[in-house]
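Below you'll find a set of structures to go through.
Two complexes, one shared chain (subunit A), two partners (subunit B, subunit C).
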Partner chain A sequence: MRHWRALAIVVVALGLAVGAAACGGDDGGEATPDTTATEPATTGEEPATTEEEPATTEEEPSPEGPQAGGTYRVDWEETFGFTGGFDPVGEYLGEAFGIQSGLLVRTLIGYRHTAGSAGNELIPDLATDLGTISDDGLTYTYTLKDGIKFGPPLSREITSQDVAYAFERIGTESLVAQYGFYYTVIEGMSEFMAGEADTISGITTPDDKTIAFKLTAPTGDFPFRLAMPAAGPAPREVAGCFTEAGAYGRYLISSGPYMFEGSDALDASSCDTLEPIAGFDPNTSMTLVRNPDYDPATDTPEARENFVDRFEFKINSNPDDIFNKIKAGEIEDAVASEPPKVIREYTENEELTPLLHINAGDRTWYITLNLTQPPFDDIHVRKAANLVMDKEGLRRAWGGPTAGEIATHIIPDAMLNETLADYDPYPSEGYAGDVAAAMEEMKLSKYDTDKDGICDAPECKDVLYVTEADRLRQDMQPPTSASFEKIGITLKVRSVEGAYPVIQDVSKNVPASGRPGWGKDYADASTFMVLFDSRSTLPTGNINYSLVGLTPEQAAKVKASGTVEGIPSVDADIDACNVIPVGDERVQCWADLDKKLMEEVVPWIPYLDATATQITGPTVTKWDFDQFSGTIAYAHVAVAQ
Partner chain B sequence: MTSLAGPVESAPLMGQVVGKSPRQLAWERFRHDRAALAGLLVIVLLVLISIFAGVIGKYLAGHGPNDLFQREMTDEFGLPLGPNSDFWFGADTAGRDLFVRVLYGARTSLLIALAATGIAVFIGVVLGTAAGYFRGVADTIVSRVTDVILALPLLLLAIGIAAACGTTKEGCLNGAIEPGLSLVVFIIALFSWPYIARIVRGNVLSIREKEFIESARSLGAGNVRIMFREVLPNLIAPIIVYSTLLIPSNILFEAALSFLGLGVPQETPSWGRMLSDAAGVFDVAWWLMLFPGLFLVATTLAFNLVGDGLRDALDPRSGR
Partner chain C sequence: MAAYIVRRLVWVIVVLLAVTMITFAIFYLLPTGDPAVRFAGKSPTPQVLEEVRRQFGLDKPWYAQYWHFLSDLTTGDKYGWPGLGFSFDTRIPVREELLERAPRTLSLAFGAAIVWLTLGVTIGIVSALRRGTLLDRAAMGFALFGVSAPVFWLGLMALWLFAETGGGPDWLHFLPGTGYVPFSESPSEWFTHLIMPWVVLALLYAAFYARMTRGNLLETMGEDYIRTARAKGLTERRVVFKHGLRASLTPIVTMFGMDIALLVGGAVITETVFNIQGLGAWAVRATFNQDLPAVVAVVVVSAFAVAIMNLLVDIVYAWLDPRVRYQ
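Moving on, here comes the complex of A and B:
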């Protein structure tokens, strides 16, 4: 899930009609703590898992159990950073998914909003069950529960047409559905998107309770796509008033247990009478209160317990202030990156340790290598770079072991059921880099003309390396540059504000970048493989930074220069895995592809299989992590009265 | 015997005093200004440090400015460790030797300050002299431009330029200005020449009316000759004084830009950047703020003292 920061977001939001919206990781959790020795209390029913699958730290049970009521206050560092103005169609930020999926936008099928693998499994939400799939795997049919309603001011029953309308919105170009590419597999979706059809032929609503989706190809993870907030029901009478990307965000009509404060004051009698709802000002705050039209009987406590009466989200640009307030109990929680010193304090002070929550982030941070640009157009150089990189050094810049496990391949281990937990094609003692092995590999490269293991060709001098101009990237740079220098590659580092737009512009031909990270969209490894699908390569807003699978024809189209001949492609492998239904076989398929990428393509130097850390205040009586969105499980938190 | 110096006779003595050149007089005055002498000593030390930073670092500390000691000098959370017998000033957040980096920081600071000041003085003197000498249109243009630049919110604009040119891949003006040292020098020079230009212009205005200029002109000297051979030598004193005072403000300017992350490239040690790095962790790593801060204060103070001393010595008529 994407959290990126403002610039990247704006550029993508504007520049991309087609999804391929990238994801970059927000550098957010720069300092994410450990999952092992420093493991904070792992109370609750989920046992602490292995090192690879970080801890499912659960709630802090208070003696008498969590109480209903109270206000849950969350400060956000910088801005809300929403990518699509909080309109579910365009919103592509994990933190926003957390609020929407948990509190405001129910979907046909959804999540438990809990930590660990249980939080990655699908359960029915608006639908009565997980749906019926036809024998050919092409048609998915769902029936809506009774008693589900939109919140004020509409307060009316949600019908299957409201769900279908969400897909029309996804297909409306001006609304910029950032992950619209997930739905082009629905029959007629592409035609609708292109304006060639008025309806989406593959979506039918035989009655108010039934909706069916017909696909053009078997898609094993289609149910996950239905659990994304963009697929949640939208009322045409309000949402239909807005044709600009993000505009509907301030008028969002709730289908969940909470709503924007002041929603009931909205005059929805016509489009002209609509005024932004008072409870959400993107520049300052968002306040949620209980939705009177939500019926808990249509939901399950497994998914939502809804303890608190009110949520207050406020922007606070001072992380020191945020964590001081949390410690003092003035706020409960934060969407902010904990500075290493805060992590150290909460790790070493036993009284504070239970308030530090560490969970699997389902996110990989990596250095991307451009397959078209010298010297990285030579696989031996890419392999040597993987061998020589001081990954432990990079992790220290992130705040040490608490930040996560060292990544040795592309897909986070938890998402592959630990299939590749012991797999490391480029091993080194203490992850410090194996200089000898790297030099052996470098000798095989055409850029090492005298075969001494040190690159001596001019292509290895002053190699452009684009990274972000923030503290974390600044701390990452010394070990990165030092590692490359050991095999004769000197970097010309450019620290820019907004590195994503630069590396997403193919015509800039950036050879390498230490900026990117990628988090899952949902619990299927396919959401990582979109990064290597040559068919999703775009001139700008491109997320296939390495240009895997690029053909010369495509290179001309996306303005890539350099070595564009003979670039390996994994498109066929991706397609082969995609038709397999969700399950062990599918996981194995992705794991095999991951290995193939690491050994035969080598597009990345992955270095961090990141955790998600969270620090809560003493007033919090129950806390959980939402594995789907990678943030606070709002529907399960409680505060002391 | 001490006959030569001994006889105290008024006339020769007076002759001696009268015979002292202005330079000697200035040195006499400067020599008795203890604060200025102390400042000069500090500056000399700093210059030596900047020149021999590499040697000192190598033989005294045994580390280079970009050598990483991440395993030794950061804890498991990546936080730097404090001073010890090997790392006298402790380590920075990347695990580099702060002592060595502070030494190299002197080089960066002095280099940038001197280069920027040099450029500023050159532009200021040329434009100021032209404006004062030719008056008329030239004066109007130069004076108005100076007014405009002096009226600009200096730091805000510098931040803007540095951000525009320093945080994009290509630099700005189609790569004419690349991020890095030269950009910083350019920005600082751009904002400091008007001070010199103003002072020079004012002085030239009064000097050009003096009789010796008149006589030079009547001897057939051209404008260029008069400007450079007659007018300029009379401006040496104020130029030296104001340049010396400009240097510390330019050092601080560089530090401010670097503090904001818009200064020198990150691998280049800079006191301003070190202070910026310290901002987030000074409560757990005090040394990151103390040592670069001390050096910065000492340097600016030294230049200011010397500048004041020079002003008193060279230009006794100007009040403080």
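Moving on, here comes the complex of A and C:
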């Protein structure tokens, strides 16, 4: 009898637990936050979870129209994920670009901070126009508008010397400019970086309003490079106090419409009196308020409308809590990976659908194939892998169509003006993979010795495949492995926490990986082609995962082994496109190179052009997507009063 | 006793040295890649990588870095004493980050400890004294529930039921949701924000403590000296609280010392669910991000807490049990 009573207690207790768990299912679960957003080239990658295609919404004005005032509150999942302490020279991810470019750091030329192709086009910002380019394409000259000032505590006019000083900072080795390589095309920059010159000879400031850049070679996308936050003006009297990477981030002097709260309390009378501005604590929060020295007359509403009075960014480690708060109107927005159930709720509930915003992410996800490692050192195997891959299965793992369009080539269509929208060199019904065509291709491979379309060489058995140890990659694994097996390739899957450092180490000779994705730095395909430039190949931190263009000499330097002879190179093609000015001809050049890569090199199996998904709260009366940064267009959002 | 304490404090230093050295060794012997790569941008040049390594001190062998760490720890660095360097991740001084996060974790740990001690020991005593009654069974049912329910689930349920943004009945939504408000900013907000995490974290421990108190007390109450005490005519209250409970608390004290110390760096789930941004959550993130200075800082604090709590436990032992004497 005693045992029966004990058993009854256990059953009741378990019943309570299960019942409560079921109740919690709507709101609980998913306690483990995803941490991938802080890794290189991986922001905004998390999967959605529905097969339905929701309506794309770029902005949702309220019936009364947006009003000025209020606070826009954004929770950040887990961490800010800043790459350089928020110093513009060290920030290399979209989330920081979004805040800096939209709110804090104006550049000579900038963006409209809106969705779609309009958001990828350049417009004047600090400068009066898009600049003058010399006939030889080597000199770019800009004139600064009058009346643009740094915010408190400096509150002084911004001069061309302040812009020039930003480039000195980029060239200062100890500040670790994360995309300083974009500016080595400026005459004298390399010498300055190497410490061989005190000034950058290619940058001249004949007066306070004029700045000219002389380049060593025509560089068609140079204006895009000037629109990056690192190229924004920096006041020497404050920024010059900091000589280590990231240190200036907590003292950032605004040139935009907002500033850190407490900036006016900064004592900038000397370097010794500087204390971190109260409005930014990298661990917990960032608060921005209006910059009293910002003059809207020097800006344009198409770039910045600046409705809200205040931005509050806070770190929150609980993603469920973040989206509960958004739904309840306690916060307006989030920089977070939406849990699958949240996406499902917002796609299925008509009342919530307008609060779900889906935009082109200008980001491609792909399986990388190492050209030095068997069996992928054979182009026919790489082509067969492309033909057989169940891309729809991979997209399902990401959550279905809301996650993005199936990628059939390297550069996102939006960046090529849809030139290659219908291009698919490895087509299959429903993107499920064409086994017959793949087997035909495999027959041409040296690894298919009996020419039956199935790889029978030992090199095809237990091929190392490195991926991330997260749920998404686990879900991707069955369709990936099954696809490869159809042509006789069996994978030895290694799931690791932090797959990037592994595949970025050339000496590890990883044959294939399903981890990588790549997003644009700016809307020019050159920012994708760096992935295939053999001159950027490094022993560690390498992003040319496929080792395109690797020579035997380079292989020895970077400790690559395997087939290092006869690897195709596209360096010359990249150089040829790079000199063409921004415009249709340049776009076509990149499109042609994309096709060449897909057909003659085949370094990747691209499978997804990812979308950027955002959920906003009911208090948001105007919302827009910043196509440049791939995040919230802070300069255009508004909240109900 | 004083000599004993001094000896133990020396051992604390030895333990800290060993733990930090092992942490350094693990960081270098089991790397998932070059930490500098993570902080040098998505397409770094060799020069940038080299500079990042230099700034992080990663260009030196691990033992040199360890020596540098020890030197800074004891003499201080440019950010103050103790010198813990700067976080690779946030680029701010680790000391500053530690000082900001420690009060959060300590608030959580000690608040929860008060709740679980009060709850657990009380339930244990009542259960032992009312053995076999409905009260005893209900108490042990609670203990079973507390032990069985995962903390993250309890946390999410608590938020669902009681937080302002929760999905449960509206009339129950009387507590603020997640987050932490410093005591210095608003004592009442500090308290209301921490009630849920305290209770959730305490439930697990309270369950253990209730079972342990009950078991120990039952065993103690069967001892000869308890019978003697009763035979001498002492009141039952005096028998229980002066002679029974005091002796049965010794293992509880041991467990308490270890539990509270481990929570200093280990309340990860509670901190994550309730967005407290304490040391535990920081340690986990730092580990994933290869942020060695932050990892070492949390390790130092946690190891120090464990060592000190062990010492305190031993001292309390002597007070609780007159038979214990330290030389």
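As a working rule, the second predicted complex is superposed on the first by the 585 of 641 C-alpha atoms of A that agree within 3 Å, B and C clash if a C-alpha of one lies under 4 Å from a C-alpha of the other, contacts with A are read in each partner's own complex, and residues count from 1 in each chain.
We take it that a contact is a pair of C-beta atoms (placed from the backbone, for glycine too) under 8 Å apart; a residue touches a chain by one contact, two chains touch by 3 or more.
Keep in mind it's a predicted model, so treat the numbers as computed, not measured.
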Superposed model, subunit A: greater residue contact from subunit B or subunit C: C
Touching partner for A:316 - first (subunit B), second (subunit C), both, neither: second
Partner chain in contact with A:399 - subunit B first, subunit C second, else both or neither: first
Partner chain in contact with A:438 - subunit B first, subunit C second, else both or neither: neither
Partner chain(s) touched by A:497 [first = subunit B, second = subunit C, both, neither]: both
Touched partner set for A:245, first subunit B, second subunit C, both or neither: second
Touching partner for A:344 - first (subunit B), second (subunit C), both, neither: first
Touched partner set for A:328, first subunit B, second subunit C, both or neither: second
First (subunit B), second (subunit C), both or neither touched by A:381: neither
Where subunit A meets both subunit C and subunit B, residue numbers: 31, 33, 496-498, 502
In the complex with subunit C, residue positions of subunit A that touch it: 5, 9-10, 12-14, 16-17, 20-21, 23-24, 26-29, 31, 33, 35, 38-41, 78-80, 82-85, 90, 92, 173-174, 176-181, 193, 244-247, 249-250, 281-284, 314-318, 320-321, 324-325, 327-328, 330, 496-498, 500-502, 504-505, 530, 536, 538, 540-541, 543
Sites on subunit C touched by subunit A in the complex: 32-34, 36-49, 51-52, 55, 89-92, 97, 100-101, 137, 140-141, 144-145, 148-149, 152-153, 155-157, 159-160, 163-168, 177-179, 269, 271-277, 281, 285, 288-290
Residue numbers on subunit A that touch subunit B, as the complex places them: 31, 33, 339-341, 343-344, 347, 393, 395-402, 432, 464, 466, 469, 471, 474-475, 477-479, 481-482, 493-498, 502, 508, 510
List of subunit B residues in touch with subunit A within their complex: 66, 68, 70-71, 74-79, 93-96, 163, 167-169, 179, 261, 265-267, 277, 280-281, 283-284
